[in-house]
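Each structure below is given as structure tokens.
Two complexes are shown next, each including chain A; its partner changes from chain B in the first to chain C in the second.
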Partner chain A sequence: MIKPVIYAVALRNLLGHLRRTMLTVGAIAVGLSALIFLWSFNDGLHRNMLQNFQDAIIGSIQIHHEGFFERPELSRHLRNPDKIITTVEQAGVKRWSRRLEAFALAASDETTEGVMLIGMEADREPVITDLGKRISIGRFLREDDEYACILGATTARNLKLGLGDPVVMIGYDRFGALVAEEFTLVGIITSGEMGLDRGMALTNIKSLQEMLDMPDGVTDIVLRTPEDRIQQLTDELIFALSDENVEVMPWSTMFPVMHEWIILHDGFLYLFLAVVLFIVLAGELNTMLLSMLERTREFGIFMAIGTERYEIGLMLVFEALFIGLAGTLLGIVFGTGIVLVTHSTGIDLSILLGSTSRFYVDSLVYPHLNLDHLGTTVGAILIASIIAGLYPAWKASRLQPVEAMRNV
Partner chain B sequence: MSNAKRLSLTAYLSLALRNLLRNPRRTGITLATMIFGIATLTLLSALNDGWLEQMRDNFILSFTGHIQIHASGFESSQNLNDHIKAPGEVILLLQDSPEIQGWTQRIRTSGLVSLGGSSAGVQIMATDPEQETWVTHMHRGLKQGRWLNPGTSHDLLLGITVAQNIGAEIGDRIVLMAQRPNGEMVSEIFFLRGILETGAPQIDRTLALIPLNAAQAWFEMGESVTDIVIRASSHENTASLQLQFNRKLSGGGYEILAWQDLDPMVRQWLEFSDAYGLIIILVVVALVLTEILNTMLIALHERQKELGIMIAIGTRKSQIFFMLLIEAVMLILLGGALGYGVGGLLVLHLSDGGIDLSYFANAFKFFYMDPVILPLLTLDSATRILGTTLVAALLAGLYPAWRATKIEISQSLRTF
Partner chain C sequence: MIQPDNSSAIITVKKLHKCYWVGSMPFPALNGVNLSIDRGEFAVLAGRSGSGKSTLLNVIGALESADNGEVIVNGENILGMNHTERTLFRLHNIGFVFQSFNLIRVLSARENIAYVCQLQGMDKKESEGIADHWLNEVDMGHLGYRRPDQLSGGQQQRVAVARALATNPKIVLADEPTANLDTQTGQRLMCLLQQLNDKFGTTFLISSHDPDVKNAARRLIKLADGQVVRKWEKIPPAPPPISKACPIKNLPLAGRIRQFLRKKRKRPSKTGEKGPTPRRS
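For the complex of A and B:
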């Protein structure tokens, strides 16, 4: 029979030695808030990366004719783009745009370079990507442009082209016949990201449709949607478009490497967090052991006046539980506080980095709290702190009263 | 005050030592915190360094090499006209240098591959098939087929994404189109012998690899090349080699570029990873320090009565401060040394097999990252991190010692 008085004694021990209690609680709280911060930093970074990655050019989801992504041939253009757009709008997506893509050889007077020639809707494109903001020289496409084109900075430099210069695009139409057309360079993109600065040319979809003799020809419909809706929306669209012979591809299917990369980066952080968890656990075990050491004499007296061993053990487990809970709560408050503050101000990586946007990372990182990760971390810390309390409890319950009382 | 009352350093030392030994359990627990903290920090830092080093290695060995020598202006123009006319002159300098592990010559230009109705823009790269294997690991990225045969064979290897895009299969006749230095557009038939997957998307998406001699004949370039690519025997030699070539080849119309200059994107990415790792490590350093401070404070709390008695029998507060500080210094130095030793052993043990993260991601590499991390202990980061932690721990040790001087005798003697 457990006497309720044990709990009262445990509580009095905790409150009576407020400083000791606070130190132990503080150790857990600091550990937990450090973990919360690291998670949020990592999640915020990845979110930022994904955002920039999708904003750069690929969007969240693309719809093509079946097999177009594997082998982008013009014969695989979308047969019913209007019907697809109706379906997309019915699914509640407002941010969409049409594109027509074809390989071409860009030639200047000096030299040539292979590029992916992408025809875009000048008015709709800014809704789905940030391409317009990456123009370093000149301007983005306009609706009324005829045969205007935008090149990546590296391509423009290789071709020795400046604004207003003519550039000839040589490509194949969908029957394999060679076509060539002269474009005027109106803008240059400098992004610092792979794939954009080189090997890509943008133009109005109308001009490209004319050049390739494909009136209303569309190869891609690109959608932009919040990250947490992508999977569900993909499933919905696949179902709704099942008789259209199209492929509905979220970015993670098109660029699995980026997806895998983030998982791998997370894996690296898991490894770190596991080690950090150990540090927290060891720290708590140490403080519990030390405080037990200090109280050996007290336990001896308890036993001498007839307290059962298991009751002493129970008392310590109760104390550990209390400390664990208090530490966790304090850690959550403290950690979320740090995240909230840094979330609004951002953490300036450029001090360490010395550069701006690279690898889809902005120099200001805004930590973001993912509730799943918070739950896992809090659970682990709580369990760890209870485990850390069990050992001292077991030790204390095995003390010899006489020995213990002799302890100074 | 008379000198007699001032204790000598040896007296402090022996006093502190005796205090530490008198209560081995307490000392042990405090020491364990420090050892554990420093050891884990060492491990984490080694993990971070190993991971960065692997990325650097993978980058250098996948394509770029440590140093490239071009005719000046080639890197920005990418124009075949800016080629090295007498590569033999440069190659003479490369022979028998112990700092160089291998070198190769290449021709790079952009072009178009086509098969049937599909075509794709590519980066045509021509290399010496045998020399290349001394410089990069490109040949290990063969997904299908075989490596290039030397000579003027019409062998062609494609990056996996290029091959997919045009739907090419091994044995296919593929037309390559490019421009000769004089501006003439020429096409030539090559046979697809292999498909390469390097894990670096920009390479997999654009690479068309052919033998050097075939390209020289096709472009009518004689012995000329555009790149001489050098692999140093270690990363540290890069800078000195670059300097050395700059001196020897100055005025000859060459540009000598190290890997960092050749792909600023990767350099930025490595810098970013470095910053990311640094932030994580800093948080962990703060955490370890808190744990150490915490343990010292609790250990002090336990000794209140003892310190109260010392004050009661006339020990001065400054003496108590020094005694405690020396105890802390001894503990921290010992803990630091042992912790580093334990961490180092752990790293050595783990670097045998590496830590496999492929549980989280498929076993393939992207952006030069391996799923298997081999922790690496570098002197540089060891001194940096260990140094910071030790200095900070010593500063942290000041606090409990200072706190002890604030003890009220009556208060401390009352605790039991």
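For the complex of A and C:
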């Protein structure tokens, strides 16, 4: 049975040294809110980056014939695209699109350049990617286009081509025979991303199927799904399509560098968390120890007049707990407050980064509160602050009354 | 008149030895103390600095252990107790008044007193009632809301006395309670302690080298080099009726002398017959 008066005295101690209490609480709150903000900023940045990355061209998940991603040869086209699409729809995915991809040499009157020629479904593609929004000159593909083509800005410049100019695509069909067709340039993409502005040409899937003599030929089925569903959906599809001889690849498998970059970034934040934890721990330990030393005499009196050891310890643990809880609560309020405000206004990175988008990051970043990360941070700070209180509490409860009272 | 008789003794100390060790150097503090204090006594422990007064009080008060000997307080063997038993023993049997800084800084005078009552298991309301009662008893009723740093040294000691008595202890141990007070305030404090001793019959054991304190003693125990060298029992004048003869405002010594002379003139034979009568237990 713990006597309520012990808590009352602990509370009095906190209020009696209000300045010190507030400083410690404030330090914890500042550390925590900084962490919450940074983490939310980081998460917002990553979300934005992944969104843009997947929106740009690759989507969330791609399904190819086994080995196509490694060596994109036309012989590795999908044997049963319709069956795959049925499976995909059964898995609850509505946003999918078919593509046919082949290497080609784009030739103008002046020069040539190697490109990946991608045949797309003009009506379905906008639900997967936002290529349409990246057209700087001209327009995106239309369903009824015949041999229309879109080039990246760099490629168009290299080829010295303008809107409406003819461009000849030379390639091989799946049997290795040389084929060529004349396309009309209807749009130019300017994205700022290397992979899009150079080395890529888009056309209607029908035109490309005709050119390559592959009616209904499909090499990729591209899906778009929320980030947190990707892994599960991939597993589901791999299982459902296990006898189709296909590869189901999430973006993180296709572009591991991007994935690793994000892991690295999160790693930095864990490091930062550790540093802040250390500071909180050291700061509070310091305050609690100082306050304990300062009160040694008083603890002697407490003991002399009949306070038990464990009661002294509890008193200090309670003080630490209170400081930790108050700091954490204040930090959560502050931190989420900042995140909510910046989430609605966005943070303009162009001040820092100069130009607009870089590496799939928009100039306006919207911090995003990830509850997992919030939980980890709050839990870690709270535990650290309690640990910081345990040691002084233990020290104080070991005091001998007479020796403690001799202390001035 | 006060014949130490083992049945009425509340404190019995036999062949008590205690040695402090500083490194490998022994510093003997108590060298075979024998002592017996009766219920309701008002005894003063005198002796030069370093004679072992504080050490003896601390051992009797179960604040410190000893090396050898026997200490029976209120029928319990102090030296055989563990830490927790000693703490609880102090809580229920002993009231302490120390030289200075007796009070908890963050609590008001009233809360300081209520604290020990609540440690004993009383609820807040009951303990506050007791605190108010004892504050009035030490004439501090009007200042109960003040924190220790808002009180003078003498006022703080009064609060400490009130706190020591609030738990209804068998014994109050006071280690140089007047040492940090000026002469007059010290005398008033001693007067207060005597009144309380008369009124409630609580046993008081007070250490001091203050001559005024020794004068107030009804029994003087002198320590030297960790041994009792002289037990002197004063045949004191009857403690004058409280509040009239020992008003806080008067100098108690002068008052007592006047009283003594007056009574001596009238009925010299009856002086000193009245011993302290315990009214509480």
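One rule holds in what follows: the second predicted complex is superposed on the first by the 347 of 408 C-alpha atoms of A that agree within 3 Å, B and C clash if a C-alpha of one lies under 4 Å from a C-alpha of the other, contacts with A are read in each partner's own complex, and residues count from 1 in each chain.
The rule is simple: contacts are C-beta pairs under 8 Å (C-beta built on N, C-alpha and C of every residue); 3 or more make two chains touch, one makes a residue touch a chain.
In this text, all values refer to a predicted model and were calculated from it rather than measured experimentally.
By the touch criterion defined above, A:Trp261 reaches chain B but does not reach chain C.
Once the two complexes are overlaid on the shared chain, A:Met405 sits against chain C while remaining clear of chain B.
Of the two partner chains placed around the shared chain by superposition, neither chain B nor chain C is touched by A:Leu178. In the superposition on chain A, A:Met303 makes contact with chain C only, not with chain B. Of the two partner chains, chain B is the only one touched by A:Gly283; chain C is not. Residue contacts after overlaying the shared chain place A:Leu371 against neither chain B nor chain C.
Taking chain B and chain C in turn and counting the residues of chain A each one touches, the greater count comes from B. Looking at the shared chain after the overlay, A:Leu18 reaches neither chain B nor chain C. Look at A:Val30: by the touch rule set out above, it reaches chain B but stays clear of chain C.
With the contact threshold set out at the top, residues 297-298 of chain A are in contact with chain B in one structure and with chain C in the other. Contact residues on chain C toward chain A in their complex (touch as defined above): 58, 61, 63-64, 83-84, 87-88, 90-92, 96, 98, 101-107, 111, 114-116, 118-121, 124, 163, 167. On chain B, the positions that touch chain A within their shared complex are 25-26, 29-30, 32-33, 36-37, 40, 43-44, 47, 51, 76-79, 110-112, 116-122, 164-167, 177-179, 183, 185, 199, 201-202, 205-206, 265, 268-269, 271-272, 274-276, 278-280, 283-284, 286-288, 290-291, 294-295, 297-299, 301-302, 305-306, 355, 357, 359-362, 364, 366-367, 369, 371, 373, 416. Here chain A touches chain C in the complex through residues 3-5, 9, 12-13, 15-17, 297-298, 301-309, 400-402, 405, going by the rule given at the top.
Residues of chain A touching chain B in their complex: 19-20, 23-24, 26-27, 30-31, 34, 37-38, 41, 45, 70-73, 75, 103-105, 110-116, 157-158, 160, 171-172, 175-176, 192-195, 199, 257-258, 260-261, 263-264, 266-272, 275-276, 278-280, 282-283, 286-287, 289-291, 293-294, 297-298, 347, 349, 352-355, 358-359, 361, 408.
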